[in-house]
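Provided herewith is a single structure, encoded as structure tokens, for subsequent inquiry.
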Amino acid sequence: MPDTIIKVDLSQSPYDNDMIHNRWHPDIPMVAKVKPGDEFIVETYDWTGGFIKNNNDASDVRDIDLSIVHFLSGPIEVEGAEPGDLLVVDILDVGAFPHNSWGFNGFFSKKNGGGFLTDYFPQAQKSIWDISGMFTSSRHVPGVSFAGLIHPGLIGCLPDARLLEKWNTRENALIAENPTRVPPLANPPFPSTAHMGRLKGDAKAAAAATGARTVPPREHGGNCDIKDLSRGARVYFPVYVKGAGLSMGDLHFSQGDGEITFCGAIEMPGWLHLRANVLKDGMAKYGIKNPIFKPSPIKPNYTDYLIFEGISVDDAGKQYYLDVNVAYQQACLNAIEYLKKFGYSGAQAYAILGTAPVQGHISGVVDIPNSCATLWLPTEIFDFDINPSNAGPTKSVPSGIDVPLAPDL
Amino acid sequence: MPDTIIKVDLSQSPYDNDMIHNRWHPDIPMVAKVKPGDEFIVETYDWTGGFIKNNNDASDVRDIDLSIVHFLSGPIEVEGAEPGDLLVVDILDVGAFPHNSWGFNGFFSKKNGGGFLTDYFPQAQKSIWDISGMFTSSRHVPGVSFAGLIHPGLIGCLPDARLLEKWNTRENALIAENPTRVPPLANPPFPSTAHMGRLKGDAKAAAAATGARTVPPREHGGNCDIKDLSRGARVYFPVYVKGAGLSMGDLHFSQGDGEITFCGAIEMPGWLHLRANVLKDGMAKYGIKNPIFKPSPIKPNYTDYLIFEGISVDDAGKQYYLDVNVAYQQACLNAIEYLKKFGYSGAQAYAILGTAPVQGHISGVVDIPNSCATLWLPTEIFDFDINPSNAGPTKSVPSGIDVPLAPDL
Amino acid sequence: MPDTIIKVDLSQSPYDNDMIHNRWHPDIPMVAKVKPGDEFIVETYDWTGGFIKNNNDASDVRDIDLSIVHFLSGPIEVEGAEPGDLLVVDILDVGAFPHNSWGFNGFFSKKNGGGFLTDYFPQAQKSIWDISGMFTSSRHVPGVSFAGLIHPGLIGCLPDARLLEKWNTRENALIAENPTRVPPLANPPFPSTAHMGRLKGDAKAAAAATGARTVPPREHGGNCDIKDLSRGARVYFPVYVKGAGLSMGDLHFSQGDGEITFCGAIEMPGWLHLRANVLKDGMAKYGIKNPIFKPSPIKPNYTDYLIFEGISVDDAGKQYYLDVNVAYQQACLNAIEYLKKFGYSGAQAYAILGTAPVQGHISGVVDIPNSCATLWLPTEIFDFDINPSNAGPTKSVPSGIDVPLAPDL
Amino acid sequence: MPDTIIKVDLSQSPYDNDMIHNRWHPDIPMVAKVKPGDEFIVETYDWTGGFIKNNNDASDVRDIDLSIVHFLSGPIEVEGAEPGDLLVVDILDVGAFPHNSWGFNGFFSKKNGGGFLTDYFPQAQKSIWDISGMFTSSRHVPGVSFAGLIHPGLIGCLPDARLLEKWNTRENALIAENPTRVPPLANPPFPSTAHMGRLKGDAKAAAAATGARTVPPREHGGNCDIKDLSRGARVYFPVYVKGAGLSMGDLHFSQGDGEITFCGAIEMPGWLHLRANVLKDGMAKYGIKNPIFKPSPIKPNYTDYLIFEGISVDDAGKQYYLDVNVAYQQACLNAIEYLKKFGYSGAQAYAILGTAPVQGHISGVVDIPNSCATLWLPTEIFDFDINPSNAGPTKSVPSGIDVPLAPDL
């Protein structure tokens, strides 16, 4: 049984735990050290640090201050890792805490973050998912249960100063294109809610002033929200600072490709069992810019799918040029319309696409002007038969149950 | 053994075969009729009608007039199908012709169509792939062979007049935004190379004037280039005209998600063994706008992948806002750089991504400002080990072999 | 398109085709020659040489003289192959003849060969299976259809004289234990129906006198009836004679583990597309006694199973000691009883287990005195839901249809 | 988080825990009660109750008194379950104890239990397997690691008096055929080491006198050692007594088909997370004699195999009649010979076949006189390439390491 090198107390604010941070900055001090080949356990908060509760009221999803996310555990120093190396991380296992066997999924209000389909679901909604061993189901979304494809939504190594500068420069340039947009085009550094781990005083203030927000995935990986970077996977991370500085958080019990609901997957606190090794000079040897990984040999094996196509023409009939986002939105909307025929509300269907192991494929990207994207919905996760038949769909979902909504104030 | 209801003679021009057409229009006469439940065979040309040859010279890929594509077999009338129904098509099998067991993959010149990575591969190149039973390999791309995920790149039913009008309106509006762009934003009707099947004289001229080009996927399906819509799949197509009018072509022996090379997949002529049934009033019953389908139970089962991430920041460091196209381009470029370390040229690596059953996943689409896309490269298709190791990559690909290139004139 | 080096005419008796043989003997002359790396096509009869007809009368299954089987195509000489080598055979594809797209499954009378459950199904019965592209279904067994796991039931190289002698010695010793048993313990050489290919006159008579029957699998492979040795597989065969002498036949469109009905799988004539290479001195290098193989990357991917257990206690309650045969029989009988609850006759259920890609696992072999075997029945091959439910089974199979039976005379 | 209804203390003898028993008898009192639909946790000892230690000395495997096994947790009463029902058990998860993350595999001496290949490995040997999250590896068997297919080797409901009587009658009849055989043909009741749970005094003595040993699988399931009855599976157990009386134990971190080494799998203590429901009158509704089950959607997904054939002729050349045991033994021996070419000792190879998720298929059972069995060895579990190549095998396994052996005294 390996050591737990970072612990969290869910009853404590993550701001009071100095092994946690919520910005990326090279000056954040290492909080633990491991040797290559060591196994170790890391505990994490959920991405909001416990803000979202297990109840039937979505007002927490509506009211959250998103500048506080994501609460990450780390950084961890790996002995011998140097800039230019690859950090080889074996995700030996990931799990929920036994005493906290539930997670949440939500849609943010369009005024506070939104989501992939925010124009169709503009208000805050929340569903709670109970975890039963390897499976999950929700009291808010009946008729569906599935095995967890558990993974960290966010994991990566500390940037060095040069990389951080690059991030800030390009993201600020984007923001400058439309600084008052809601939701914003990107999030600039925001010191007032920054948690810089063990940095204190002026050093903290200085780092917080430029510390990168954790929302976007970047060269180092970070908030990739890749559902298949799951327990059993091996990941090769670029190293930018001496000791690597591996941090992680934002655990998901399950998620669909795209994490389309933004709040997003089945979010939970929990633990990771890891092993790290160093592949010397791996970035140059293999021409690596972004992390690469190998999927797990052990993950849910759903093979029967109903596949929905979408093209880059929106609901209003507007034609886009090779826009995969629009195509995938349309595929998702097509799936939602389909599921509604079986009795689901739109919000329930949206929640399923956000949480279940749906696949989103970039199917065609060259046939001007339309991209084609496909949304793969596993049929085996439903308690009833969702395949088309001559008899037409049967209303199989009990009415009177829905995903709680908190109206904008 | 079912009847072959449409035959092609590869030594004859497709323009001389009146069971072929290369535009979408409701007036194109049906050329064959089947009953629900019937099995039947349809032969098709390759998408270019035989323009691309099995040789080591890419000038045909450079010189092709793309207004001639795609040569489709049909339309086929299905008895009893009416607007609003779903046409349930079982793709019972698809194959190459035994006497023509090869296919081609190419990149178009940026001046003539381009492709997903045309800025990196701006000139015409071509690789030839030999088909050995269920497998393929190429004399231009050594060290790789894989099982075919055979599928029609293009299949769908005739639009009615209203749908056709909608297509023309929205695509012309897009073209009008930048009418002189190279490559163009979309392709308008183009009568001079139109093949309208059995339409003749004035009727043909009238239809050709508005007949939609076949390049983009649209509501009816059409040129979706979905690799998993393969032999063994069941597809539910919207029906717009009496008798459905099912047409198809653009067979691919194999393709990666995205068909990124545009010319594109391993292109070949061949045959499809089909069965069609009618699901009455299926569009309304199931809320269907675009086709849906179920994948085949029998397709290549590669499970060990090396997965490349890409984010929506381009090579020049420019930051895009949630742009999956840019993210997938970056993932593809990352994979190409990786493969070059083993001795492949960039063009060879690009050809592999276009032809092999790589997966392209929309991994994260909500983490502003960066989308994250992943490119899944099956490791089992290579003759050598492409996994990272401490020893670093070994040059495993013989030098002196490359994908033929025809310089722009 | 490779050459077809052995052709068969289904309207001709296999005895009149000198590229066919039905015994194993080193003196049978090679009928074709290939070089290492060559691709080639081999056509084969069905195992009975056309004796079983596509009709609703099982009298042919009852009346067949089993001393005529199996009609094999070959032997094929592979240049450079020598005793001690491994012949590496890529099964690039296998298929039915387009003009003969059906196969048969049968149970022999207990008086004429029997089968794995002959005590429960003692009389001759036959079902006909239609082949629709990659799929099959039967007019005698409604409610079930599945993708073909096509394979040669019988393939291997010629034995040398020493190996042949060993076979005859040990099998004759077994027969001697109970020479009058019905069915027999084994089949000795039987010259009167021997087809020795191009051997003629005295040479033929001499070889026929000792030529081994083709029924059992032996060291060289032969009639292994392994369903997964299918199209796309690579097999390593021991070589005993100069030139290897590869022969094959007994094509199956599909079969369950065990080929329990004996007549057996979905039997058909057809063709194989092959490539052979030589691994010099491979038997010693790898310690090979029997063939080894790698499964195909492309085969039916059914993943949802209902699994039946059986233990080595028979119906009468008799306790056997670690007998996997009895355990597997019991698992099969358990599955048959289960399927009868949905309206199948016992014979229909037995035919499904013989033809569909069921798995038979040796689950426990050490827990004295009971072996445990499991029969894995894919649920996805049925048109209706065969899973247990509180509501109990629904009779989903139309009555009035059954597997034709020909009573013993 | 569900209640843990049965706890074990690994530092305590299982004989001192009255929620444990090691015989089957209807009079063993229920120790816990659950309602249909409840989730609950059950802890178990390893099958030997802690007798085998984590060290490099196999004398414990040599010296164990096998009359003490298996230590089972239970019986558990399920409210409302009655004879004739099916108990529907969802195995929601199974795991090792965090503080005890290792397991053992062993071969018994031929004088004390033996194993499937005891004639080839007649003395006691033991390997220790470390558990690292979802994976395992052994200091005694280098070069191999794999994901755990965790499962209870033994699970089932209490027999009623009639069924128990039947077991004793038929097993005693078998023993009577050769009462002095070593190893014995079966194990009769053996009161002196019986642990009858909460039964005390005369009642205990009476039950112990006829309580069935736990080694063999029987109608109720019991010690089936089916590797795929794993976490995520749903099992339907016959119910014989009011309340069902579900007991379980003998957890395995991983096992190959057949559990050929007998001591056997990777044996460990641990916990199960379960949910039970009742399918009323299910035995008659579905014609159930033995348990049936559905496999897990989440289990190791190894797809690349090297497959070894075996036929029912033993090493000495003796011909058996359709004997799957002999065929599977030969397939196992063939695999062992193959692995030895890469540097493994025979014992290491045998340990791999016993612990890794190898498949054992009953491939042909009708081709007199030879059965054909296949042993499927996943290639992906090895650190090096075990596929055949022209270059021949490379010694990839370090020498000087082996599976500890304790010579017979």
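We just call them A, B, C and D in the order they show up, numbering each chain from 1.
As a working rule, a contact is a pair of C-beta atoms (placed from the backbone, for glycine too) under 8 Å apart; a residue touches a chain by one contact, two chains touch by 3 or more.
Quick caveat, the model's predicted, so the values are computed rather than measured.
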* A-C or A-D, whichever has more C-beta pairs in contact -> A-D
* Over half shared or under half: which fits the residue numbers at the contact of copies subunit C and subunit D, same or different? -> same
* Structure fact -> Per the C-alpha centroid definition, the whole-Å distance linking subunit A and subunit C comes out as 51
* Between subunit C and subunit D, tell me the centre distance in angstrom, where each centre is the average of that chain's C-alpha atoms. => 32
* To do: Go ahead and note the Å separation of the Cα centroids belonging to subunit A and subunit D.
  => 39
* Of all residues in subunit B, which are in touch with two or more distinct other chains? -> 297, 301, 303-304, 380
* Asked: Within the complex, which stretch of subunit C touches subunit D?
  -> 86, 88, 115-116, 166, 170-171, 173-174, 183-187, 215-219, 221, 223-228, 236, 257-262, 264, 279-280, 282, 285-295, 297, 303-311, 313, 317-325, 328, 330-331, 334, 337-338, 340-341, 359-374, 376, 387-390, 392-393
* Structure fact -> subunit B partner, complex, touching residues on subunit D are 301, 303-304, 380, 385
* Report the residues of subunit B in contact with subunit C in the complex, numbered from low to high. => 1, 39, 91-93, 98-101, 132-135, 146-148, 231-232, 273, 275, 296-302, 380
